[in-house]
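As structure tokens, here come the structures.
Shared between the two complexes below is chain A, which pairs with chain B and chain C, respectively.
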Partner chain A sequence: MNIVNAVTNKIKLFDYKKFLKGEGALITFIVLFLFATFKYDQFFTLLNFKNVLRQVSMLGFVAIGMTFVILIGGIDLSVGSTLAVAGVVAAKVSPYGIGVSIIIPVLIGIAFGVTNGILVTKLKIVPFIATLATMLGIRGIAYIVTGELSVGASSASPGFIQLGRGYVAGIPIPSILFVLAIIAAVLVSKKTKFGRHVYAVGGNEEASKMMGLKVHNIKIVVYAISGALSAFAGVILTSRLGAGQPVAGEGWELTAIAATVIGGTLITGGVGKFTGTLYGVLITGIIQNMFNMQGNLNVWWQNILMGAILLGVVVAQSQTARVSKSGNS
Partner chain B sequence: MKTITKKSSVNVNQDRDWKLLLNKYATPILLVLLIAVNAIFTPNFANVNTMWNILIQMTTILLTALGMTLVIASGGIDISVGSVMAISSIVTAKSLGFGVVPAVILGLLISAVCGVFIGFIIARFKIQPIIVTLPMMIGIRGIAQVINDSQLLNFNEPAFSFLGTYKFGGSVPIQVFIMIIVSASVYFIANKMSFGRYVQAMGDNYKASRLTGINTFMVTISIYMISATLAGFAGIIETARLSAADANAIGKLMELDAIAAVAVGGTPMNGGRPNVIGTIFGVLIIQIITVAVNMNNIPYTYSLVLKAIVIILALWARRDK
Partner chain C sequence: MDERILLHMKNISKNFPGVKALKGVDLEVKKGEVHALMGENGAGKSTLIKVLTGVHVEDSGEIYFEGKQIFTNTTLQAQKCGISTIYQELDLIPELSICENVFLGREIMKNGMIDWRATEEKAKAILLDMGIKVDVKGVLSQQSTAIQQMVSIARAISINARLVVMDEPTSSLDEKEVKVLFNVIKKLKAQDISVIFISHRLDEIFEICDAITILKDGERVGYSAIKDITKLQLVSMMIGRDASKIVSRKKSYSKDKMSNENIIETRNIVREPKVRGIDIEVKKGEVLGLAGLLGAGRTELARLIFGADAPQSGDIYINGKKVKLNLPKDAIKAGLGFCPEDRKVEGIIPHMSVKENITLAMLPRLTKMGVVSKKEQEKIVNKYIEALKIKTPHMNQAVRNLSGGNQQKVILARWLCMNPELLILDEPTRGIDVGAKTEILDLIEKLAEDNISVLMVSSEIEELMHACDRIAVIRDGKKAGELYAEEIGEEAIMNSIAEGGK
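This part shows the complex of A and B:
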């Protein structure tokens, strides 16, 4: 009997449905990775990996914030605009050293995030509309601050420029920071009280309220995290480009949402994990990388393919999610 | 609210009445305020020509927002409408050679197909609408761009341009009649037909509406088909008015204006009763801000901040207590 039990347990260990459920994003990533390796000679090179990792890291920060927001059942459309304001502010204060040019933009990002949080909680405006309004308003601020021109960071301190362009042990600094941020997010979500509260609020807000959680405060903190991370992405972008642009980050909110959802986070909140978001970000990066290496693809063909791939992954993701639900019940 | 003491009940009730009133009529009040402020401070605002201009320019947002009202009332959202506008615009312009009527029908048809596809994916796979319409928004825009290699398409077809430029009696733009007919139709669908009740039921409680025997699959597809077709129609009218189709520009960010107008108009964002009249007010508010900003030579950038403030004000005034 013991042996039979052990065997059935073993079979259950290889339950492909369960595996699909948990790691749909990872599988998609591996498939795309293998495809790119065989299709493009330049893909499997250290230089290319470095480039892809550096390119995705900025979207990565935004996506981590977005995952937090989506986990509590919200959405944050203002991330791209926050990134732009933070980027131009970073460029403006860049002569004063690296510390100032990180801290001030991030503080501004937190202020925008808290504003979003207050609109959503205290003024009870639906997140989609509240952050749509702040997306417009903050983008307006980015234009007003700069007079619609890009702000050069030519006199920036060398440290600040290194932030976006430098390497440590051969690895681009933005990628290292992104990986650290993912690890931090995983730890916060799994090991801290705050992380558990985030899942609780997203899973069932009413129940969380009854259990005595300060739902409003948790939400405000989550939007602040999203604002801070978007702002940090803006700082790195400015450092990398050597200029802050008021049009930066347009459309990033959608890519970040896509990466989060591809990573298996449910848009309804309460379910999801940050490793999934990591894969989601890498998937968007690999797709973009393949487009670049293909070379002969117009932007509009890229759009069509991107749309088709996204739709395919989203549909597949929803199917595996449903498998898991019927499997558990 | 049952625990109000007798002593203060009168006061509290009055207070609540006042708040309820504000809650209910926030959008019209805001609209009247906007018009009043502009009539005083904006030169040439209180002028017949300005009025016609506002009406002509609001046509595209209004048609899109009317479809969006049904979508949002059903608990969904459709951010692909701007791209659908682009594809119907370029398809219609490209096929004008077959004659005006077939071209317009083709444009509407392709929009409807987009809507049916979106509705099918949402209903069949039970995916959140924002997640489905996001890739559709990217992909459909791409297809629209491919059709004419992303080039501006000019045409000289008076019979078609009629749809966007004709003025009855030399002054009343054709758009006014289009808006009245479409608004009345959507109002009728939303409030007088059982279809409207199905939409609301799905927005209020999706599971319950299914259990009561509503064919949520077909209703979902129909809702997105109506929304996409109206967006496509808006694209066609705009193309006719400009005598040119530009798949890169037309309808860009239209989804946001439309969604904002619906939200300002008072249709609950989580689904529920479609407020068609409110949407019309909402569109007027958004459009008057845009026009007033132009007329006062305020830079576009400030109009963004202004729009943000007005959207938040409108939603704050009518928030659930």
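This part shows the complex of A and C:
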């Protein structure tokens, strides 16, 4: 009996269906990576890797925040607008040094996030509408504050410019920060009370309430994290471009949602992981990179490919969910 | 005061707009006792439990726990007092692991991080203690309902609950799983933990419980040790009526006069856990009542006949022909109609007009070349508004503005205009005022005269006695007895419900 059990256990050690379901984003990423390597000579070069990594890191911060929000069963459409306001503010305060240019925009981002959180929890507005409203409002602020013009960052603050353009040990600083943020998010999600409560609230809000979890606080903190990370992305973007632009980040909310969902996070909340989001973000970067190198294709094919991958992931998810369900009964 | 008393709810009252849900109810539970709480739908059981567990706040009355007065105004307060609830709809997080569900909200921490190893070990120990061997790292949703329930109980134990409330814990378990649950309950008893056990299955109550409180219409109508009460007494306390209140049925066929033509027949039809092999037939022009306690399997049987659920085994015959009903639309085609128990969820479309609601199912028949014939539609609607005396200012009124009785009539009209051979009515008079009730019952009688058969599920004995030609009693998913016209009487029905004999 025990032997039989042991054998079946061993066979089950590698459950490919489970693997496909859990790591669809990783597999997609590897396929795209191999394809690009064979197709484009310039792809597999250190310089190109650095560029791609730097390019995706700003979307990456936004996507980490978005993953938290989607995990609790919410959505945050205001991230792109928050990014723009933060970027503009960072440019304006850049003469006061790098510290101020990071802290003030991030605080503003947190304020926007807390606003979203309060709208969603205390005022019980559905997240889609609440953050759609703040998305419009915050974007408006970005245009009004700048008079629709881009704001140059002060060259008197070389430290600030380094944030977006500099390297440490040959690796772009934004990429290092992004990887650190992913590691932090993974740890928070797996090892801390807050992280587990995020999953619990997303998995079954009513039950979480009954278990005595502070559902409202958790949600507000999650939206604040999303606001803070989007703002930080805006700061880095300004640093990299040398200017803050009121149009920055337009449409990023949707790309971030796409990257999160491609990464395996369920849009209904409660299920997902941050490594998945990392792959989701890398996939968007690699697609863009491939199209740049191809050169002769209409750029809108990028969107078509992204859309196709997104659909593929979601269809695969629903199929595996069906298989595991019928397998149980 | 008796030292063995753990919980004493004293004179609890609770009103909802328009309803006195609890009228000065008392509940006493001793330490280490399994206490049954019984009553039909609307008797006040769940309100009482919700007052105890902090979901509702009582309007008046006091709660004493371990000799001290407590205030359970939130679920958290109740939990802190040592009262845990295992809900019917399991209140756990399906996508998290078993051990995490046990300790969620009270995580075991080490250096600011969750100590997963300790969490796993402790959860495993608690479950093993209950006699449950399971991989605690596994995702909860992959487990059977029974195991999920055990996890819920393990959670209660881990927060040192003194009293565990189980709201119909056996309703979705099979027999084996019920045994496991009962063993766990016995272990709780041994640890001097009390259990409030809500179930509609009489056998279970008599097997596992020590004492019982019976509620009816928001009042305590009975309180006894289990050994001092019989099943019949219990049933009559729960659903018994004053004989004077019962209007005797107006007409009936007796056994020999009844038509031999079966509109519908089921043969040994099974869908676990609620329907466990039922034979039933409805004859032409007959009103067959399905009696039984809540959860006995009546609604589930009706849904099987209508094709809303698929049977696991057994056959259904319509007009003598064996049929396979995969979806309600097959049943509709075969001439069946179904008015569900929960009008608001399954019946009416509240924002649509009376006209649209009535003609919803028959639209395909009214359509000529893709366009709905308005004249035809209004003719039919007018006919049924008149025939059923639907009280509505005009046919374009939104259905949600109508009273419950008139909403029910709209649903009836919807099916009647399809010219059905058999109408299934699940609790047709629930939530309807007395006047409309009589009208609906009269209507049912008229249907039978027009040779439309009716299968009627009802929890109100007087209603069944009023309207039915024949009554089948369902008990724990099986047919416990059948009563023909001459035999239909309150005593006979209750006897059948209680003892399963005729």
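Operating definition for what follows: the second predicted complex is superposed on the first by the 306 of 329 C-alpha atoms of A that agree within 3 Å, B and C clash if a C-alpha of one lies under 4 Å from a C-alpha of the other, contacts with A are read in each partner's own complex, and residues count from 1 in each chain.
Throughout what follows, a contact is a pair of C-beta atoms (placed from the backbone, for glycine too) under 8 Å apart; a residue touches a chain by one contact, two chains touch by 3 or more.
Keep in mind that this is a model prediction, so the values were computed, not measured.
K.L.:
Who contacts more of chain A, chain B or chain C?
P.N.:
Counting contacted residues of chain A, the larger count belongs to B.
K.L.:
Considering only the touch criterion stated at the top, classify A:242 as touching first (chain B), second (chain C), both, or neither.
P.N.:
In the superposition, A:242 touches no partner, neither chain B nor chain C.
K.L.:
Let me test your reading of the model: by the given contact rule, A:159 touches which partner, first (chain B), second (chain C), both or neither?
P.N.:
A:159: touches no partner chain.
K.L.:
Regarding the shared-chain residue A:271, is it in contact with chain B (first), chain C (second), both, or neither?
P.N.:
So A:271 only meets chain C here.
K.L.:
Answer with first, second, both or neither: which of chain B and chain C does A:95 touch in the superposed model?
P.N.:
Touch partners of A:95: none, neither chain B nor chain C.
K.L.:
Is A:212 touching the first partner chain B, the second partner chain C, both, or neither of them?
P.N.:
second
K.L.:
What residues on chain A does chain C touch that chain B touches too?
P.N.:
Correct list for chain A: none, the interfaces share no residue.
K.L.:
Using the touch definition up top, name the residues of chain A that touch chain B in the complex.
P.N.:
75, 119, 123-126, 128-130, 132-137, 139-141, 143-144, 148, 254, 257-258, 261, 267-268, 298-311, 314-315, 318-319, 322
K.L.:
Name, in rising order, each residue of chain C that touches chain A in their complex.
P.N.:
Residue list for chain C touching chain A: 75-76, 79, 85, 87, 90-96, 100, 104-105, 107, 109, 112-114, 142.
K.L.:
So in the complex, which bits of chain B are touching chain A?
P.N.:
77, 121, 125-128, 130-132, 134-143, 145-146, 150, 256, 259-260, 263, 269-270, 299-305, 307-309, 311-312, 315-316, 319-320
K.L.:
Write out the stretch or stretches of chain A touching chain C in their complex.
P.N.:
187, 191-193, 196-197, 199-200, 203-204, 206-213, 270-271, 324, 328
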